[in-house]
Each structure stands twice: as C-alpha cells, then as structure tokens.
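Each of the next two complexes has subunit A plus one more chain, namely subunit B in the first and subunit C in the second.
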Partner chain A sequence: MWIPSSLAEVEATIQATWGETPDLVVCRLNVRQLKKDVLLLYLDSLADKNSINNNVLQPLLFETHDATNVEEVAVLIGQKKYTNLWSEVETAVFQGESVLFIDGEQQALLLDTQGWPQRAIAEPQVESSIKGAHQGFIETSGKNIALIRRYLPNRELKVKELIVGRRGKTKVALLYLEDVTHPEVLKELEDRIRMIDVDAVVNTGELMQLIEDNPFSPFPQFLLTERPDAAVSNLLQGRIVVVVDRSPSVMIAPMSFIAFFQTIDDYSTRWMIATFLRLLRTLAFFIAIFLPSLYIAAISFHYELLPLNLILTVGESREQVPLPPILEAILMELAIEMLREAGLRLPAPIGQTVGIVGGVVIGQAAVQAGLVSNIMVVVVAITAIGSFIIPNPDMSESVRLIRFPMMIVSSLFGVIGMAIGLMILVIHLACLESLGTPFGSPFAPVRFRDWKDTVVRFPLWTMRSRPLSAHPIQLKRQTKTRK
Partner chain B sequence: MAMTRIPQNEITIFQYVFFIVGAQIGIGILSLPADVAKGSGTDGWIAIIFGGVLSIIASLIIVSIMEQHPQDTIFDLLLRYFGKWFGKLLSLLFSLYAALAATTVVFTSIHLVQVWVLPQTSNYWIMILFMIPGFLAARQGVRILGRYAEIVFYMTLWMPLLIAVPLKDGHLLHLLPVIKEGWLPIIKTVKQTILSFLGFELAFLLYPYVKEKHLAKKGIIIANGISMAAFVFVTLVGFIFYSPDEITEYVWPTLSLLKTIEFPFMERFEIIFLAAYLFVLSTTGIPYIFTAVFGIAHVLEQSDHVRVLVVGVGLYIIVSFLYTPPFADLQAFSDWWGKTGTIVGYIFPVVLWLYMKLYQWLRGGKPS
Partner chain C sequence: MKAAALLLCVALFLSGCGMNTKLDSLTMTLTLGLDTDGGKLLSYSSSPVFNKDAKEHTEVIEVNASSLREGRYKIDLFASGRAVGGKIQNVVIGKAFAKKKEIPSLLDVLYRDPKNSTTALLIVYDGPVKELMESKQKDKPRLAVAIKDLIMTTAVDKQTVKANLLDFHRTLFDKGCTPFASEMTRKNGKMMANGTALFDNKGKYITSLSPKETPFLQLLRKEIKPAIPFTLRTAALTGKKENISVSIEHGKVRYETRYRNGRFQFHVQIDAGVIITEKIADIDISKKQKQLEKMIAHEIKTKTTALVKTFQHHHVDPVGFGLYARAYEYDHWKKVENDWGKAFAAADVSVSVKAKVISYGVIH
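Let's turn to the complex of A and B:
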C-alpha cells in the first residue's frame, strides 16, 4: 500500500490501522520552511522525547529557510530515510522511529529517534571474571555489536543482519571475521536461521534450540555467553557470534566440547596457573559425573576393591541406613538439586534461608536421623562442588543430568556399567557435530597441535595458529617471538 | 552412489592405523602368552614376530588389491569381478565371517565380565548393556568409528605401563636359552598367533575411505607393527614373571598378571583394569559388527545399514536369552574364527590377487 498524498487520508489510514494504541502520538503542525502542514507520527513509549523535541520539532517550527520538497526539510537527525510504502512506515514506528508526512507528498521521512527503555551496561551476572572486562552484554543488539567492535576495529569483522519471527521480527546479527571464518560454516548457520519460521524468538536460548545439530543430545552444541571478551576470543578462532536483539546473551557457533570448560581468565592468568585450573576443571567434570556412581558400584558390587580399613569405616557409617545405596544417593542428589533450583529463583534474602535450612537438614540432621550415611553426604557434597566448578552453566547442567543415568547403570552393573556409560559418552561425543564441524575436536578426531589449548594451556607465545575445530580458513595467529 | 558418499566419510591415515590396531588387539592378547607357551615354551615371542611378518605380507597384498580400484570396498570389488550372483555370495561369506568374529568377541567379553567381575549377573543383561554402545557406534559410518578407535587408542595408552609393573618381581632367566628346541616348534606355533593378528583384513573395507591413500601401505605396516609390539611385550612380561610351566596353566595370563598389583587404597585392581579393557574390546567388536552389517546391507542392496543393524542387535539379545555359551563353546568359536580368518585374511587375498591379474591379462592388460 502506498502512502496517500493528502494528510487527511493519512490521518484516516492511521485511525484505521492503529486503534487502541494510546501511546501513539499523531501531531499535526504547520511548517514554516514548507509553508505546508505536516504530520509527525511516533510511538511515545519507544521514541526518545528529547530527541524529537530538540532535533525534529524545533527545526520544523523555527527554522526559517525555504524548502520545496521532502529532501530539503531541515531536521537535526543524521540517520533519515525516505519511503513511500505504508508497511515500512509501520515497521519504522514499531522500531521507535518517527515518521514525518508532508501534505501533498507521496514520500514520508523516517527519522531515527529510537529511545526505548534499556539497562545500563553492567558487570556480567552469570559469568563473573577476575581479570576480564567488567562489561557485559545488554538487551540492545546495537550496543552489543558496539561492545564487540571495540575489541576488533577491523574491516574484516562483518555483520550480517537477518530478521527472525513473523510477529517478533527479531533482529539477529551474525558477526564473523571474513578472512578467518569458513564460508561453508557461515552459510550453514545462515541457512538454518533463515529456515526458522516461528512467531517470535524471545531469547537466544530459544534460537539455539531451533537450530542445533542434535536436539537429542544432553550437551549444548552452541555456547551462550554474556561476555564481550569471550565472544571476541571466539571470533578470533574463526567462530561466528550471533547477537540476538532483546537478549543479553550472544550465541557462539560452531563450538567444541572442550571450549565449554575454558574461561576468559585462563588467558589472562599465567600459563602454569591456568593449566592447573584447567586440570582441576577436568577432574571436576569426571567427579561430577562419576563419583556417586563409583561409590555406589564400590559398596554394592565391588567391596573387595576397597581395603579393609575403608570397608570398616563405610560399614560403620551405613549401619543404621535402611536404604540401598542407589536410593540413598538419588535421595541426596535430588535434595541438592532442589536446593540449588530453589536458591536460584528466590530473591537473595530468602535464598540465604534456603541455604541454611538445606545445609542443616541434608547435612547433619539427615545423618543423625539415620536416613543417609556420613560418607554419602561427603560424596554428594564433593559431587555438587565438582559440578559447580564447570564454568559454563549449560554444560554444568548437562553434567548434572548425566549423573543420574550413570548412577542407575552403576547400581545394576557396577564398574562395568560405568565403563559402558563412559563408552556411550565417548561414542556420543565422537558423533556429535556443531554446524557440521566435529564437536569432539581436538580429541575426536585427534588433533595434537590443538591440545595446547585444551585441558592444559600452553604459554600464549606457543599458540601460533588458530585451532582447527571451527575450520578457520586462515590459520596464522601470531609470529614466533620467543624461542 | 559410493562415489558421492565416500568423500564425506573420509578417515585420516592415523584413524586408519588405529582402527586396524584396535581390531587386532582384543581378545587374542589375553590368552596369547599361554597359547604360544604351550607350543614353543618361552621362545613363543619369536613365533609372534613371525606371525607379525606374515600378517604384514598379507596386509600389503590386500592394499595392493584395493589400490586397483581406489573407490571400491571389498563388496563393490567382488561384484565387479565375480558378477552379480557369485559376487554377492562371496560378499555374504565375508560378512558372515565378520559376524563370526563379532560374535566371538561379544560372547568372550561377556564371559570375561562374568568370570572376573559380575558372577551373578545373567548374560542377557550384560548383552543388552553391551549392545547399547555397539548399536550407537555401528549405526554410524567409518568416519565415526575411525575417530572412536583413535581416541580409544590414546585413552588406553596407560595400560601397558601397568602390565609392566609385575616385571619388578620377574626373572629374565626364564627366557634363556633362546631357541632351546630349534626352529620347528616355533614355526608350528606361528599358527596360534594368527587369531591375534586378525583385524588387518578390515583394510578390505577401510581402504576407499582413507584420505591419504599413498600412505596406506606404510600405515598398515605400522598398524601391524604396533600390534606386534604389544603382543611381544605382553608375552615377554608374562614369560619373565611366570615360570615356563606355570604360565600354561592360566586361561588368561595377561589378566592374571594384574592380580599382583595392589594400591594402599585399592585392592583387586584388575577389576578396574578389566572395566577399562572393555574399551579395547569395543574397538575389536564394533568394527566387526559394522563390517558384517554393512556387507549384508550391501548384498541386500540397502542404502542404509541401520535396519540390518537393528535386526542384528535384536538377534544377539534374543540369542543371549536362550543360550549361554560355556567356555568350551567360546574356544570353539575362537578356533573357527582362527580357521576362517586364515582363509579370509591370508589365503583369500592371494587368490583374489592372482585372479585379478589373470582377469586383467585376459582383458588385454587393462584394469576393468
């Protein structure tokens, strides 16, 4: 539909299109420059009133030079567009722009006066860091892209914008380094996002689930982060950063398994300490999955594994416990999970209460009541700590979930069940792909050169090429500066 | 069809090497020291070296056969040279051989687990447990199996170190004198080592998937070399630790070696070792299951082998409900595998090679 040329018709169309929109401002003025009537249209709630008053209304009302058509109208806004399509007017109004209609003109002027409510840039909440930057992403994609651009003032950093969702019309921006990212990988991601046909994508997490390779895997195949520095570090490895408007976390794809266990602090800490921390996390990963099942296997199948002294201690603490080990373990694990979930959603002051109640009840009281054994409490506590060490919340949750089938299989088959469980995990990780690149890289397939930055972290000057997991097309990262 | 599928399904030369090593090191190595000791006493390790040389020769023949048609697996090759019906029959026989190998490995693994770790668990439960990873891995292609074999190889590198621990109580004197009864018993024992080296014949299936084909010959020599080194190492450790007569009394001397290892915080370490050894067994069993299923799917002209795999896994589970093989049956399985393996791995390549030469000569020297 074209924009009608007479203002009366425009007003009628507005009336017809936007009923029940109290925050719509329709303002008819007489402009001295044009010696004509104009109509200014914007959504009060999405536009910046100061900007409209100072940069639009003021020049329109008080500027004295003569203008003969739309292009010559003086307003103090840099970003202005012209359109003659009614649909574009609608889109613009909902983006917070203001539209200027002029009597007798087929064209309307779209002025960038966006100013919706937004949060200030703040410290990332979920992924806190000791030495990394203290700026986190917010809910406006433009600001988020700016945060990333600050790190990479480089023309190879490209931004490709797509619109997702029939009603939501969410802006999804793909950021990548054109000379590093593999074009096939980029195309795959772009195709998958273009295929999405939903009402609206509310959050990056939703987008991630709509495009992931294997929805039946317990593992996240893309990384969500709220840290610009982490996003940039991944960009430099040839990965693609997906910024979704209205969502404070960005998605990084393709991803490899081991990258979920790395933090940005690893690179700003000295390499020995970083390596130690990474080994600690790897250990924590195995403890979080296997410790309860190992304990169950040892006391229900293979007590001959344990030396006599240990057996006696275990036996003593289990003397009063009526439950078989698997039930005891599941009871305790569920209690911990409930505590965690309760603490997560509650406001901070009440959350503390939950912590105290939980700590007392599932700790000492449960043991004294004879419901669970001392050693089980220790095992469950260490397991919980192990799962909290994993830096990525998505991966940490996956690990906690995998623990339960492992416990069940070990209560049926002992260590043999655990070995088969691990085997299934290894096979699964060898099969899993992220955007068609191997998720298990550099372990399956094995790429020794990339092991420098996995469970260990070599000194930065030894990591001269980009890891192959995202199939970068340009490998060199730095020159040799030390022997 | 095969032309478009294979390039996406490539494996690297390392994956190819470890795939074959994985297929070779499996159940044979557990009893190998006792097997060769029965034949030629403590000179058995020399027989293993001879066996290794033989398998290298056979592997090289296989690779040179496959080189003639680099895009063909053995199943395509048989159809090409023997026509539709006879080719299919031979393909079926090859698949059945792989199925026999897989069955031997699976049932022996179950037996091992029952004897050493879970004496009260029924074999069908263990079968169901084993078939889960078996199904998950075998439904994938060669590429995933290659990745799996590779990562398992690195994951299990600590095992030989532990097997070496009993050496501190061993006596090198047990090995002397070398070649005490002449060469004849040694040469006779070579036959016993054949079963252990079987696995290289999977190159018949793997070759078209290898990315760096010019390295295929070197790769298969290295693969056989790694397996041979592992066999000789385990056998020597067994001979040095046990006395020459004692070792023949053990059914699985390699596992018995581990019984001597104890930690202050852990006794019966061999249970953990055996659980970890399941990974090694899986890289033997899964490739054979895959080969069998892939071959049968090829004979039935199905583009995807998953349906055959489902039937196969179902059969295994049903059979395990009805039949618990006693140890004698398992040995019969192994013997059969050894005999058919001699044909498939050593005689068949030579015959096929001669046949192909003759065929090409009759066609006027041009490869078809």
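Let's turn to the complex of A and C:
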C-alpha cells in the first residue's frame, strides 16, 4: 500500500491501522514557511520526546524556510530514511521511529528518534570476573554491538542483520571476522536462523534451542555469555557471535566442549595459575558427575575399595541411617537442588534465609535425626561445590543433571555401571557437533597443537595460531615474540 | 546404536553384576584367627559392628571347622551379616598350631578366592589365639586396627618384620629362601610385637627371632631404610656396663658367592654408616672414634654371624642366600635346590663389617 498524498487520507489510514493505541501521538502542525500542513506520527512509549522536541519540531517550525519537498525539510537527525510504503511506516513506528508526512507528498520521512526504556550498562551478574571488564551486555542490540566494536575497531568485523519471528520481528545480528570465520560455518548458522518460523524469539536461549545440532543431548552446544570480552575472545578464534535484540546474553557458535570450562580470567592471569585453575575445573567436572555415584558404588558393591579406616568411619556414620545408599544420596541431592532453585528465584534477602534454613536442616538436623550419614553430607557438599566451579551455568546444569543417571547405574551395577556411564558420555561427546564442527575438538578429533589451550593453558606467546575447532580460515594469530 | 545400548543394559543384568554387597549387611572379618585345641581346628573372626544399639563395636566368632572356607560357612551361621573376607587385615596363627601343621594348605582359600584380601599381615601369636581375639583393650582402637598399627610401626623400627600373605607365598614358593612372619604375644594383658617367626620351606613354624635379633635380619636382607637402630654395651671399651645407642642410616651389603670343596661359600661384606643417637657411656668420642667404629663393627659382625648360625642350625634361609647361590653357582644350586636348607646349613658364611660414624649427634 502506498502512502496517500493528502494528510486527511493519511489520518484516515492511521485511524484504520492503529485503533486502540493510546500511546500513539498524531501531531498535525502548520509550518508557516512551508505553507503546508505536516503530520508527525510516533509512539509515545518508544520514542525519545526530547529528541523529537529539539531535533524535529524546533527546526521544523523555526528553521525551515522554503522547502518544497520532503528532502528539504530541516531536521536535526542524522539517520533519516524516505519511504512511500505504508508497511514500512508501520514497522518504523513500532521500532520507536517517528514519521513525518507532508501534505501533498507521496513520501514520508522516517526519523530515528528511538528512546525506549533501557537500563544502564552494568557489571555482568552471572559471569563475574576478577580481572575482566566490568561491562556486561544489556537488552539493546545496538549497544551490545557497540560494546563488541569497542574491542575490535576493524573493518573485518562484519555485522549481518536478520529479522526473526513473525510477530516479534526480533533483530538478530551475526558478528564475525570476515577474514577468519569459515564462510560455510557462517552460512550454516545463517541458514538455520533464516529457517526459524516462530511468533517471536523472546530470548537468546530460545533462539539457541531452535537451531542447535542435537536437541536430545544433555550438553549445551552453543555458549551464551553476557560478557563482551568473552564474545570478542571467541570472535578472534573464528567463531560467530549472535546478538539478539532484547536479550542481555549473546550466543557464540560453533562451540567446543572444553571452551565451556574456560573463562576470560584464564587469559588475564599468569599461565601457571590459569593452568592450575583449569585442572581444578576439570577435577570438579569429574567430581560433580561421579562422586555421589562412587560413594554409592563403594557402599553397595565394592567395600574393598575403601581403606580400612575410611570403611570404619563410613560404617559408623551410617549405623543409624535407615535408607539404602541410593535413596540417601538421591534424597540429599534433590534437597540441594531444591535449595539452589529456591535460592535462585527468591529476592536476595529471603534467598539468604533459604540458605541458612537449608544449611542447618541438611547439615545438622538430618544427620542428627539419623536420616542421612555425615559422609553423605560431605559428599553432597563437595559435589555441589564441584558443580558450581564450572564457569558456564548451562554446562553446570547439564553436569548436575547427568549425576542422577550416574547414581542410578552405580546403584544397579557398581563401578562397572559407572565405567559404562563414562564410556557412553565420552562416546556421546565425541559424536556431538556444533554447527557441523566437532564438539569434542581438540580431543576428538585429536589436534595436539590445540591442547595448549585446554585443560592446561600454555603461556600466551606460545599460542601462535587460532584453535582449529571453529575451522578458521586464517590460522596465524601472532608472531613469535619470545623465546 | 540404540539396539546395542539396549543389549548392553540387558547383558549387565545377566552377568551377575546385580548382586550387591551392601556395607550395612556385611560382617567383614578384619582379623582372622587360626588355632588348635586338642587336634581341632579353631577359626576365629573379629569383625566391626555398625549399630548404635550394640554395646560392643567388635563381634568375635569362634567356630570349629576343618578348613577356613568351611569355617566361614559356620561363621555365617552366627554372624548378623554376610561373612566376607575382602578386608582381612591380619591373619593370626597360634604358635602351637603353626608348629604342628604346615599352614600354606590351610591358607589356600585366601589366595584362590579373588574376593579375599591377600595384603593381610601374617602374624604368629605366641599363646592361645582366643585370648588375643577376645581381648578388650580400652586404650586401643578396634582389634584389627590395633594389631595392624602395632606391626606396621614396629616394622619401621625393624624390631619385627612386615610380611603379608603375598610375601609369605612368594618366599614359600621361591626355593632360594624360606618364609617368615611377624610374631606377637601378650604381656601384662597388653599385646606386643615380639620379633620374627621363621618357617621352613614347607611352611611349618621352626623358630623365632627376638626383637633384638630382628634388626640384623633386616640388615642382611638389605632392608635398611629408614634406619636400623640398636643399642650396644660398651664394656669392651670402658670396662663398665654402659650403653651406647646407634642407628645404621645407610649401608651396603654385598654378597660374594662361591662353590668350593663341595659346599657353598658366602662372604657378606657390610659397609655401614652409623649415627650415634645416645651415649650413656663415658667415652671421648672425638679421640676414640676408631675404637668406637671398630666396636660397632664388631657388634654387627657378632650379631649377624650368630644369626646366620641360627639359620643354619634350623635349616632355614629367610635372608635368601639361596638366591645368590642360584644366581652365581647355578649348576651346583640346581643339584640341591630341593633341599636348600640342608645345603645352606653346610655352607661357610663369613661376615666382615666396616662401620663408619657419620654423625655424633647435635651435642658432643
């Protein structure tokens, strides 16, 4: 539908298009110098009133002299667009732009006066860091792209914008380094996003689930982060950053398993400490998955595994416990999961209360009542801490989930069950793909050169090439600067 | 893939892995006792009890059986849980019993059934085993832990040896040496480690070494680390009944083996570096260093020579002279390997010792 030329018709069309929209402002003005009526249309709630008053209305009324068409109207807005399509007017108004119609003109002027409610850039809440930047992504994609651009003032950083969702019309921006990212990987991601046909994508997490390789895997195949520095670090490895408008976390694809255990702090601390922390995380990963099942296996099948003094301690601490080890363990693990979930959703002051009540009830009362053993409490606590050490929340949750099937197999088959569970896990991880690239890289397939940045972290100057996991087309990252 | 996973799950149930051994329902024999009473074989089991209602935390069961496995079935009749031997820490054998019977055939089940522990200590008890098994010592932990701790720590100080079932089996099986085990007894109601029990090559108890002789057995076996402490009288040097305590910190023990005139000849050369740990005797050690060293060397020589004489007298070879004979004089060894104890008894063994004082301690 074309934009009608007479303002009366425009007004009628507006009436037809926006029926029940109290925040719609239709402002008809008479511009004396122009000797014409103009009509300004915007959504009060999404537009910046200051900008409209100072940059649109004021110049329009006092500085326009003898403009004859739309192009000559004076407004102090840098980004202005012309359109003669009504559908574009509609979209623009919903994006917070204001539209200027001039009587007798077929074209309308779209002015960038966006000013919707948004919060200030703040410290990332979920992924805090000691040495990393204290700026986190917010809900406006433009700002988020700006945060990334600040790190990479480089023309190779490309932004590809797509619109997702029939109603939501969410802006999804793909950021990548053109000379590093493999074009096929980029095309795969772009195709998958284009295939999405949904009402709206409210969050990056939703987008991730719509396009991930294996939705039946317990493991996340893409990384969600709210840290610009982490996003940039991944961009430099040839990965693609997907910024979704209205969502404070960005998605990074393709991803490898081991990258979920790395934090930005690893690169800003010295390599020995970073290596130690990474080994600690690897250990924590295994503890979080296997410790409760090992306890169950040892108590129910392989009492020979425990040294004499430990077996006496365990036996003594279990002497009052009426439950078999598997029930004892599941009871405690569920209790701790409930505590965690309760603490997460509650406002901070009440959340603390939950922690105290839960801690006292589980730590003290349950043991004194003889429901669970001391050793079990220690096992559950270490397991919980182990799962919290994993820096990525998605991976941490996956690990917590895998623990339960592991506990069940170990209660049925002991250590043999655990071994089979581990094998299935390894096979699954080796088979998993992220955007068609191997998820297990650099362990499956084995790429020894990339082991420098896995469970250990070599000094930065030794990591001269980009890891192969995202198939970068430009491998060289830096030259040899030190012996 | 899915079919394979399913098959795997089913196969797991088939293999018998489903049979579990819950800690709560086990009667874990931690100390196994063997003794005789007028020709009957008595088997004892001491196991921990995990129950808050039980007054005693150790359960001792005595049964009369012809073998250990049969004994276990009988123990099962008494025990509140399933009797298992996976955590046996000590196997205590009455001395009277060990004298009469060759024990290896009785211990067979401990080696043959893989669920049994073969790292249990083998201990010969001088006295009725019943008395040890039923003893309650208020100042000691559970019996099994107390016995094990006693032997392990005493063995570090070389006053007894540490021999588990595997060691016993190996030394029994090897024709070049004979087995030994630690020995303990009770004195004034308290248990104590009491040197070393020596067995012949059939596994029958022969004789014992006292806690004072055991360090020199360990020296001959080259088990010097961390140190071999002993105390000697200094009468030869000062003319008075006084003491000096030394400890062999490092040393070299070399064996020279020959075959001459129809018998084996062994020469043992010991180079010992000793430190003085205590000096009661009034000796000016800075002046009389040479004499002191000589005296220490003499003491070591006397003790080791006497020890070897004892071995030869009883036709046992816990040191393993036979290993050297086999290594250096294989042809001659081959002829006597089945009766090495006798051949060893006829052998000439000479010992020469060089001692060097490497430290006089912190004060002079």
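Note that in this section the second predicted complex is superposed on the first by the 481 of 483 C-alpha atoms of A that agree within 3 Å, B and C clash if a C-alpha of one lies under 4 Å from a C-alpha of the other, contacts with A are read in each partner's own complex, and residues count from 1 in each chain.
Note that a contact is a pair of C-beta atoms (placed from the backbone, for glycine too) under 8 Å apart; a residue touches a chain by one contact, two chains touch by 3 or more.
All values reported here derive from a predicted model rather than from experimental measurement.
Contacts of A:414 after superposition: both subunit B and subunit C are touched. When the shared chain is aligned, subunit B and subunit C each come close enough to touch A:424. Once chain A of one complex is fitted onto chain A of the other, the partner contacts of A:438 are limited to subunit B, with no touch recorded for subunit C.
Of the two partner chains placed around the shared chain by superposition, subunit C is the only one that A:325 touches, whereas subunit B remains out of contact. When the two structures are aligned on the shared chain, A:314 is found in touch with subunit C, with no touch to subunit B. In the superposition on chain A, A:299 makes contact with subunit C only, not with subunit B. By the touch criterion stated above, A:76 is placed in contact with neither subunit B nor subunit C.
Note: residues 301-302, 304, 412-414, 416-417, 420, 424 of subunit A belong to the subunit B contact set and to the subunit C contact set alike, using the contact criterion stated above. Of all residues in subunit A, those touching subunit C in their complex are 299-304, 308-309, 311-312, 314-316, 318-320, 324-325, 412-414, 416-417, 420, 424. The touching residues of subunit A, when paired with subunit B in their complex, are 301-302, 304-307, 310, 409, 412-420, 423-424, 426-428, 430-431, 438, 440, 443-446. Residues 12, 14-15, 113, 117-118, 121, 125-126, 129-130, 132-133, 136-137, 140, 144, 146-148, 150-152, 154-155, 264-268, 271-272, 274-276, 278-279, 282 of subunit B are the ones touching subunit A in the complex. For subunit C in complex with subunit A, the touching residues are 5, 8, 12, 17-18, 20-24, 26, 28, 30, 48, 50-52, 84, 86-87, 89, 115, 117, 142, 144-145, 148.
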